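Down below are the structures I want you to see.
The same chain A turns up in both complexes below, where it pairs with chain B and then with chain C.
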Partner chain A sequence: MKNKISKFIGLMTVLIAGTITAGRGAESESSREYQIKAAFLYNFIKFVDWPEEKTTDSNEPTIIGIIGKDPFGDAFEPVKDKPVKDRKIVINRFKGLEELKESPEKHPQIEAIRKCHLLFICRSEKQKFKETIDLVKDRSVLTVADSEGFLESGGIINFTMEEKKVCFEINVTAAKRAKLEIRSQLLKLAKRIVEEKPSSEEKN
Partner chain B sequence: MSILQNMAIKHKLVSIIMLACITALTLAGAAFIGWERSTFRSEMVRSLSTQAEMIAENCKAALAFQDAEDAKKTLQALHVDASIVFGCVYNKDNKLFATYYRDYAEIKVHPSDFQETGFSFAKGFLTVFKPIVLDGEIVGTVCLRCDMSPMYAMLKRNISIIVAVLLLSSLAALLVSARLQKVISGPILSLAQVAKVVSEKKDYSTRALKQNNDEVGSLIEAFNEMLEQIQYRDLELTDAKEQLEIRVQQRTAELTTANEQLTTEVAIRKKAEERQAELLKQLESTNKELNDFAHIVSHDLKAPLRGIKTLANWISTDYADKLDQVGREQIDLLLGRVDRMHNLIDGVLQYSRVGRIKEEMSQVNLNELVPDIIDMIASPDRVTVTVEDELPVIECEKTRITQVFQNLLSNAVKYMDKPEGQVKIGCVQEDEFWKFSVADNGPGIEERHFEKIFQIFQTLSPRDEVESTGIGLTLVKKIVEMYGGRIWVESKVGKGSTFFFTLPKQKVGGKNAKLQASIVSRR
Partner chain C sequence: MRIRAYNLIVLVLLLSGLCGQSFAEQRHENQLEDFFNMSLEELMEVPVVVSTSRQVQRFGEPSGPVSIITAEDIHYSGLTSIPEILQFTPGVDVLKISRQRYAIGIRGLHETISDRTILLVNGRAADNTAYGGPDFQGLPVPIEDIEKIEIVRSPGSASWGANSLTGVINIITKKPKDVLGVMGKTTISEFGDSYTHLRWAATEGKWSWRASTAYQEIEDSANAVDGPATYKSLEPSLNDLIGFDNFEARDFSRNQRFDTEIFYDVSKATQISLGLGQTHIDSGDFEIGAYYPMKNMREDHVRSFARVDHKFEDGGSGYLQWFGKYWNANWPQVSMFSTLQNEIEGQLDFASSEIHQRTIGASFRWDHINTSRETPQQIRLSGEPLDEYNAGLFLIDRWFATKRLILEDQIRGDWYSGTQTDWSGRLSALYGLDENRDHVVRLSAAKAFRTPLSVIRKSNTNTVPMGFGMYVINVTAPGDLDNEETFALEAGYTGKLTEKLTLRTNAYYQQFNKMVGYRYSTNLLGQTFAVADNIDGADAWGVETELVLHGKAGKLSTWYAFNDFQPDRGNQDMRAFLPAKHKVGVTGRLFLPDGFALNANYAFVDTTPGNPDTRNHAGSSNRLDLAVSKDLAKGKGQILVGISDLLTKTHDPVMESIQLTGHKVPGLTFFISLMLKF
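What follows is the complex of A and B.
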């Protein structure tokens, strides 16, 4: 008897909670998604090793760059102050490449972009993917995006959604080209591993 | 322990050995099992922890990127180990992230069960917890649970093996100890056997056989030595006994001989006594006859003597003028001789009367009698007679005791040769006797005459010098001896002599004689 009552109460609680979450989820679906993505970006840093020239000074922070129209909002708030691999994390937001080209103070910004460890390329930059990737290709920058065909453009990691779950895929060749070592644990979790054929590399 | 004490020595030995063996084996077995158990446990903890560590390592990325499927796959690898029944991964909010079950439907492990030690033993399971650390941050926890029953089964198997080994080795120990105990118990048992034989058969010639050079060996040696001593003593004892018997026999024979001799002697003595009695009888009658004879003779002699005296007196008076001087002298001599004769006959008469004529016995107070006698003697002035001691009252014939003192005192006075004569009368009480003494300071008597003076008609000086019949002392002696007393003389020539005589108290009066005397004197 008691058991039944408690079960009933439990069920009710779940239902009510579900409705509330669903209601709120509807309005902040994307913000939750980007919260996860933000956390994933942090975690990527943990599973990727940069070459030495990028990590010489341990006092230097790890820089996450976001280029284009920022979809994260305050998604970085929960993780903002957490150091990763004993380094502070700094988030730098950049305007789209198109805009940068127009503005006179373009060069320092571009240099800053090239300094980034991880560069998230927003969907707004979809047309400039290749250009952006090329911009940082010899500077060991982990390029991340959440747009279809990003890997084919030479990006390293791309977020996908599967059954409302944030997943990712990895272009191993691009990573190798950027002299980044992606740990097997991360690779294991990737939904898709892309390996460019040598011919295509030659083409590039 | 009391059970052990009443056992035979060989059982005792075997029991002790077995007890020690079993105790040692049991302890060793228990220690081994305990050690094995703890080793097993720590080994299991170690291996399970290692596995948990591996899982944790492999789940880091899965947790970081919230890939539960991947974590589940990782957990699936636990399938290889049959003993792991359950494994799960919690995320950093302690929510179940991925699980793995082997056979069991579901085993709930709540994060609150997490132990700081990292493992816990409960209900036959070992549960291990391992935090998943990514970049210095705990991102989740791995929990693995392992079934301990295989370990317990193995422990059980080991226990049964150990028990079996214990039983077998105990059996072996039993066999070995049953054999080897003879080394110790054998000599002791044989010694006990010998001791039994010795005490039962009293055969001290038996010897125990010494087998070893240990304490039992020396015990057997000592035992044998003791036996030897006992045997020797026994022998000596037997010898002594035999000698004693021989001696007893000898003594018995001697005694028998002596007894026979004694019997013979007794017989002879008896005969002699009989003869003596006969002789005594004869002597008595002879004595009586003699007394009678003496009395008759002296009595009859007196009559003619009286006639002679009368005639002599007549002649002396009637023929006084007709007789010349010589005639008169001779007549006087005749009268003197007649008087002496008369005295002699009187003396003999008195002497013969003693013992023949009995007077009535009466209480005589000598304190009264003796002074009368002294007066009667009419001693000359130069002689003083004194009574030194208080005299007793005695029961006797008054005439006889008077005769005794009279004779002794008159003798002392009669023979006194000193110008100041001293005669002292004394009396001393001696056990059974009154001892009287009459002492003088007269001429004394030579020792060779001490016996002679008591014989009848014996005088030391010629009759013409001192008128004496030679009967007085003889009479005294007879009277004293009649009462059972004794008379003797002590003397030194020139110094004087003392006559002692004794009278037995029983014969002459009661012990209270002196008291009676005092009563009499008061009257």
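What follows is the complex of A and C.
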């Protein structure tokens, strides 16, 4: 009995040590969930139409912005060679809104955010959803996040998880406000479609 | 120098931690590329299998041979009991002992109280606490609440704990969001059997719930066959002593079930779930050890759990769970039982990288067992009430060694207060023959154990009275018993031959050691004394092959299983039937226009060897079930008409190793069911 217990403890020690040792190499690589979400963002671009004023120059790339603590890592590596609608894809990363406000480059950064076609707002910015969405109001930016309450804050597409699979929901009113046309192929795959009730201002 | 198995495992695990980084980058790049080549629909439907290793796995990646019975398979069969459905699965041995009692085991070793196959519900233990064995009748899970049943045909102890010498059956129930609304279903058979199920599932904000109640009545064989259900005795010389001429089939059952699960989404990352299930059974008793009181049995089961699931920001996840199981029963021919099981379990899935997918977990269990008796023939346990404890710790690591090669190691240690500390493990290599991993070959080695349960270690009983205070059969509690153990080698292939055609094939060799059976001795007065002991071992080998064609129009699957089992000694008691050597099955389902569907299930089972007494052999059988259904009211209703066991009007008696008598059981049965949804 004592022999078996000591062997068991020895084996557990080796395993735990092996786990810690081997795990170090994994920190620089993105998780599977965000690899899949990166592919979703790439696909969203195919099924959303921006107004003419946002896409006048056909040589300009389609810009995906990521604001906040970036969970994607190197998940966007393959898009370098995968244009969509004959436009290259460029990924721009921005600091969180709080940091941005204190940055000396605040104004150019904010302008760069407004130039994005798609803006992914990370979970670290959850408390600033409304403020961030207001920042890009009237600039036809497709806002995307993966946090509870994003659509209710005026965001357009929100990722959810069901049975360990990535899904998404869409706020069609917010899309209309941003003058974005979401094609039916994307709408029919959404797990939930949200239509905001008109505010009293809009009613009047 | 002899290299012990555990030394080898330690060496491989060390190497897995230190090496393998050099291939990771290439695999990572290819993985990312794959996702960007997928359509939205494909991204939303990444195929997963709840695992042989407690980790979510993709097609072709389970580390052991797995068959899955889906909700659709269950629904369109029209069957109302899980054992009936399991018999159409490759490698699963099912014997119908009576209308409500089955012997079930993966690759044999099956009896009503067979303890070498683990039964789980959503990963939680569903075996009987006192004597082990899958307790399907006592499960508070109505059949239409089952999302799928996963059958793992190989030692699974490393992931799921002890007992799983031959495999794991994991029943997964539907979530409320999958079955919103009200559903009512009733099934009636020509014998007057009935099964009625009512369910309500709803969501409200962050809450969702599912509540079901079901009532099942099974008529006994005496009322269900032409004339009396003929009894058979293995020892006619004892007939007068045991009152055989008065024996009659009393295999009726009245089973009431209630089950509810409630989910609360605290946040996007955290979910709390609670569950409560209850079953009450009134049924006829049956003969054990020639003792047959012919009084009703009663059982009450309560299952409950509370669980917290959390997703971490780095992509990892974990859960913490309490699970409780209470059983109170009066089996006049065995004992009056009261058992309480409490278990706390936690599991942590580390954030997946492209190199490793790791899981660590631990559990602690407390079993409280008590018996009482009204007659001297009933069992008492030495030293009761018994309080026994078990603690377990496990680690699972999937190493994506190269673009095509995955290595998985599982290791588990268990401490038992009543028996011995032991370990189990599995080492698997999965190699993709193509880049998409549509064709995967698998090699595995595993070690598992089975700790003897309290009823085997502690029971004293005397069954048939001879007069003068003596008994024909006397069971005595043994001394210390060692754990049973098994070592297994497996090789398998899983492949998508076409987009709709899948082939799974598996070959295995298993060596069993220290198998617990009963040693019998008889004195000059004709008294038999039985005591449990680690008698000897056995060898088992076989092949299981399954071909599945799946499309929108329906499904066609065919399978063949060859399972051989040789005890080391000719008359060695294994406490169970041995596997039927040859088993064949075909399942077909066709969806027709106007809401019609046809379903057919066929299974051939070779002779099932009895053990140790060859007189317990169960003859070969052919079973064919047919069902036709029609949707009503635009899918809100459905009517189904079926015939089960079309090829056999009446089954011959089947006697387990613990029985001297058995009776005929009806086969062919017409039934009709009606389902409505709101």
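Convention: the second predicted complex is superposed on the first by the 169 of 204 C-alpha atoms of A that agree within 3 Å, B and C clash if a C-alpha of one lies under 4 Å from a C-alpha of the other, contacts with A are read in each partner's own complex, and residues count from 1 in each chain.
Note that in this section a residue touches a chain if its C-beta (ideal position, glycine included) is under 8 Å from a C-beta of that chain, and two chains touch if they have at least 3 such contacts.
Please read all numbers here as calculations on a predicted model, not as lab measurements.
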{"item": "Which of chain B and chain C A:P108 touches, first, second, both or neither", "value": "neither"}
{"item": "Between chain B and chain C, more extensive residue contact with chain A", "value": "C"}
{"item": "Which superposed partner A:R123 touches (first chain B, second chain C, both, neither)", "value": "second"}
{"item": "Which superposed partner A:S147 touches (first chain B, second chain C, both, neither)", "value": "second"}
{"item": "First, second, both or neither for A:F40, with chain B first and chain C second", "value": "both"}
{"item": "Touched partner set for A:P78, first chain B, second chain C, both or neither", "value": "second"}
{"item": "Chain B versus chain C as contact partner of A:L186, first or second or both or neither", "value": "both"}
{"item": "Intersection of the chain A residues that touch chain B with those that touch chain C", "value": "36, 40, 43, 47, 82, 165-166, 185-186, 189"}
{"item": "Chain A partner contacts - residues on chain C that touch it in the complex", "value": "6, 9-10, 13-14, 16-18, 20-21, 24, 28-29, 31-33, 35-36, 38-41, 43-46, 48, 56, 175, 177, 267-268, 311, 313-315, 350-356, 358, 360, 393, 395, 397, 399, 411, 413, 415, 420-423"}
{"item": "Residue ranges of chain A touching chain C (in the complex, touch as defined)", "value": "1, 4-5, 7-8, 11-12, 14-19, 21-23, 25-26, 29, 31-36, 38-40, 42-43, 47, 71, 74-75, 77-79, 82, 123, 146-148, 160-167, 185-186, 189"}
{"item": "Complex interface listing, chain A residues touching chain B", "value": "36, 40, 43, 46-47, 82, 84-86, 165-166, 168, 183, 185-186, 188-189"}
{"item": "Sites on chain B touched by chain A in the complex", "value": "58, 60-62, 64-67, 70, 134-137"}
